[in-house]
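Down below are the structures I want you to see.
Two complexes come next, and they have one chain in common, chain A, joined by chain B in the first and chain C in the second.
And then the complex of A and B:
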């Protein structure tokens, strides 16, 4: 049971001012590195909460779908340009980022994933693929600067980051669609 | 069949037994023999050119007017970096696929032959302009130096030939998996899968680069984005380097333990090393551009981290290898903290050559880590140090492993045996090669630290005192190069003797087994699609920022230059 400790250490490390300043200084590392790492820290810490409050999770997240929903809402919220801007300007939003992504996205995802059947798992990936393509389109071709804190070039870079991640997810979806694992097992 | 997992199905069992008793099928053997013959002819030619170049670089030999230093440099690089490595890797792994998967599928064999002739055709196309002094752009053929368009068209065929072989390997592995449900890919084929995945994905960037260069070289477009082209080149260039390294590593994990009469390292950890190297490799290309302009400091910093990450599986390998040696030697009665080394078969070239290759990777890897570091790279970047570094990694770690493999692989595919005389010749060759490479590469490293530039023919810079002070080191370079030429001649003799003249007999394909009490390897190691997706994500992380910057903030672009 070391993983919650590692998760906490990761979260604390990400909260250190030099690290958070470095990651937040570039738009794409802010959204595509710091935020996923916060979720990862939550994934690591989930076991602690699952052991501590087993009834809460079995009652409120019986089939995994509520957790999935919560995860998706939090992730969608943090992919808006405005929320990133606010995280940089308002301390309260920054604090919310460091709480919501590990505990309201990472922890529920870890709890939900094993409970979900492959329909929901694939639905989640398809949803995020579409979301990423749309966000990629938004960030690359937006005629205006979307964030006060980041230059247009950074915005375009982030857009291509979304498109390349979406491409990877499409490859994965094609792979799992065409691969019949039962033939190999 | 000597893999970890037993085969199932009657046909498969029959095929495997036939493979074991009769050795490789004649058709598969012919394929590997052809690939290996080209590889060793390339080393002969490349070696001769290397000697000319080394002597010329030391100021000891004047090249004739019709042959200049950069021409020789380009041909030497292409022959050894592209031809030798690609042909050996493919020949070796196709023999491995044939042996561990119960023979190649007829379709796959055909694909490998088509790939063979495409590569040869491409190579001939590339060599013609080099001989005509129209393509003296060196192995690193990125703009703004421009060669004749024919050179690049030749490269396209080489890449297509490599893809043919990669897809052949995938088809063979997939078909085996369907026929053997629930089983792990035999370890050597697992390595082969990793290598071909890297060969395919690593050559996509260079294919894109070459397709943008061709219209530029023809003059259809006036300018090219130099930074994009360099970045695409190194995404391939670095991966290619690591493909040979992974090929050598496969022999260290799978073959060498059997040669010394031991068992191989933990199956799961071995597979993790392969997966880690496949996922993390392509992004390493960036550290070749660490002093390039137009890349911001934070991006360079991130890339230093990503490159150093590749060192981790290598450190795992170093640990694993010495652990296997020690365990095997102790089982044979070896004693003491290091005294066990006496029990290793030092007189067997099949062990000695790969062992020295591994040992060479200790300084070679350390040098690589030094070069990956921003500040240290600035000291050595354009100096002979770098040339010394890749002669140590490729010329020793990789090529000596290939040499060691040839002493059983060639008898195996030729249905002949390694004679004690050739073994002795091999041991002497190994010693000569080691001495030659230490002298040459050592001199290159040192003279590089003193400032002698790479990619530059001999010059005393109007008898400048600093430039003159390099001369003694350059003599050592020439002496080392001469020893290496002797090594090349001995090796090529041994190869063709073993292929055509050695006594007939059966040679075993040495694949070590795992320890008996080892836990079964988990299924997730077989999810190749997932590893490829991880690789794509990592490549995206590495390249999106700089490429968007290079393209969106592009400078006017460069016309083609012919500097020679």
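And then the complex of A and C:
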């Protein structure tokens, strides 16, 4: 069981000031690289918590839905223009980012995913496709600068990042509709 | 306690946590961008305009206390700006025209402050002033030559200026109204001319009654 160690190392690496400053200096790497990597570090570390508190996870996250909800809430929270801006100007918000994304989004997602039936899995992907399309639309066609710390051009880049991610998820949804994955398992 | 439907209970708890998180993060669902939060906070704090030295379009230097006893309507700009600033100044001139003449110069002073003191010398400011129909007296354009003083004003009023690689600045814009004691009392949306003019007239009117 090496994966929690790798997760912790990833989290520590992301916390190093040169790395966090670099990723935060560009809007799209802040949202579409640093934040997902923080979630990934949580995915790796989840095993540690599952082994440590098996009772807690099996009792309170029996069907995976509470964990899925928590993951979605944290992800939505970090897609607000304001939270991203304040992570740069307020230390408390920055600290919360480094705690909430790994431990309140990554860990519950890892615990929930195998427990979820395909209805919930697809519901989650459809939900994030719609959310990303809406956010892409907001960031590209918003007449105002949403974040004080980034230029408008970066905001538009981020918007297209959201749209392309949504597109990729649509491709996956179509693919999974026509293909029978159980044949491969 | 042995709840019979534990996952429903934990889902509910998670949802409540989410609502609290969003409530705190957006100041009670009021501010979804940092700019709205900034404006709300400024109006609560009512910061004092620091007593800095201004140099205006006539080349005269004086401190901000020159305007004591008057309301001051302020915008921040730089003259080489090709995007927001011309619009900001046109809108400012529209507000200027809508304020009843009896107040102009007596009760209220209009002031455009440049945050690019290197390029915006009095001569440049004077040319810029003419383009927007400012008279240079009741509506002045000025720079704050001391960088340190300029920074203190920008910081106090929450104006964020980011220089880009082409010699331009990205910045947030608004109409600011400072009261006769030098405190910031209103931050208004610079695109809503009528609303800003009405609000200012109302304040001037009640100011006279006192």
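The definition used in the following text is that the second predicted complex is superposed on the first by the 180 of 185 C-alpha atoms of A that agree within 3 Å, B and C clash if a C-alpha of one lies under 4 Å from a C-alpha of the other, contacts with A are read in each partner's own complex, and residues count from 1 in each chain.
Here is the rule we go by: contacts are C-beta pairs under 8 Å (C-beta built on N, C-alpha and C of every residue); 3 or more make two chains touch, one makes a residue touch a chain.
On a predicted model such as this, the values are computed, not experimentally measured, just so you know.
K.L.:
Clash or fit: chain B against chain C, after overlaying the two structures on chain A?
P.N.:
Because the two structures are overlaid on the shared chain, the partners are seen to fit without clashing.
K.L.:
Tell me the contact category for A:82 with respect to chain B and chain C: first, second, both or neither.
P.N.:
A:82: touches chain C, not chain B.
K.L.:
Could you work out the angle between chain B and chain C as seen from chain A, using CA centres and rounding to the nearest 10 degrees?
P.N.:
Spelled out: centre of chain A as vertex, angle of 110 degrees.
K.L.:
With the two complexes superposed on chain A, say which partner A:2 touches: chain B (first), chain C (second), both, or neither.
P.N.:
In the superposition, A:2 touches no partner, neither chain B nor chain C.
K.L.:
Let me test your reading of the model: by the given contact rule, A:25 touches which partner, first (chain B), second (chain C), both or neither?
P.N.:
first
K.L.:
After superposition on the shared chain, which partner residues are touched by A:151: those of chain B (first), chain C (second), both, or neither?
P.N.:
Only chain C; A:151 stays clear of chain B.
K.L.:
Classify the contacts of A:160 with the two partner chains as first (chain B alone), second (chain C alone), both, or neither.
P.N.:
first
K.L.:
Would you check which partner chain A:176 touches, where first means chain B only, second means chain C only, and both and neither mean what they say?
P.N.:
First partner only, chain B.
K.L.:
Between chain B and chain C, what minimal C-alpha to C-alpha distance in angstrom results from the superposition?
P.N.:
11
K.L.:
Where on chain C does chain A make contact in their complex?
P.N.:
Result: residues 6-7, 10-11, 13-15, 17-18, 21-22, 25-26, 31-38, 160, 162, 164, 170, 172 of chain C touch chain A.
K.L.:
Mind listing the chain B positions that touch chain A in their complex?
P.N.:
177-178, 181-182, 298, 302, 523, 526, 529-530, 532-533, 536-537, 539-541, 544-545, 547-549, 552-553
K.L.:
For the complex, which residues does chain A have touching chain B?
P.N.:
That would be residues 22, 25-26, 28-29, 32-33, 153, 156-157, 160-161, 164-165, 167-169, 171-172, 175-176, 179, 183-185 of chain A.
K.L.:
In their shared complex, at which residues does chain A touch chain C?
P.N.:
59-63, 65-66, 69-70, 73, 77, 80-83, 85-86, 89, 144-149, 151-152
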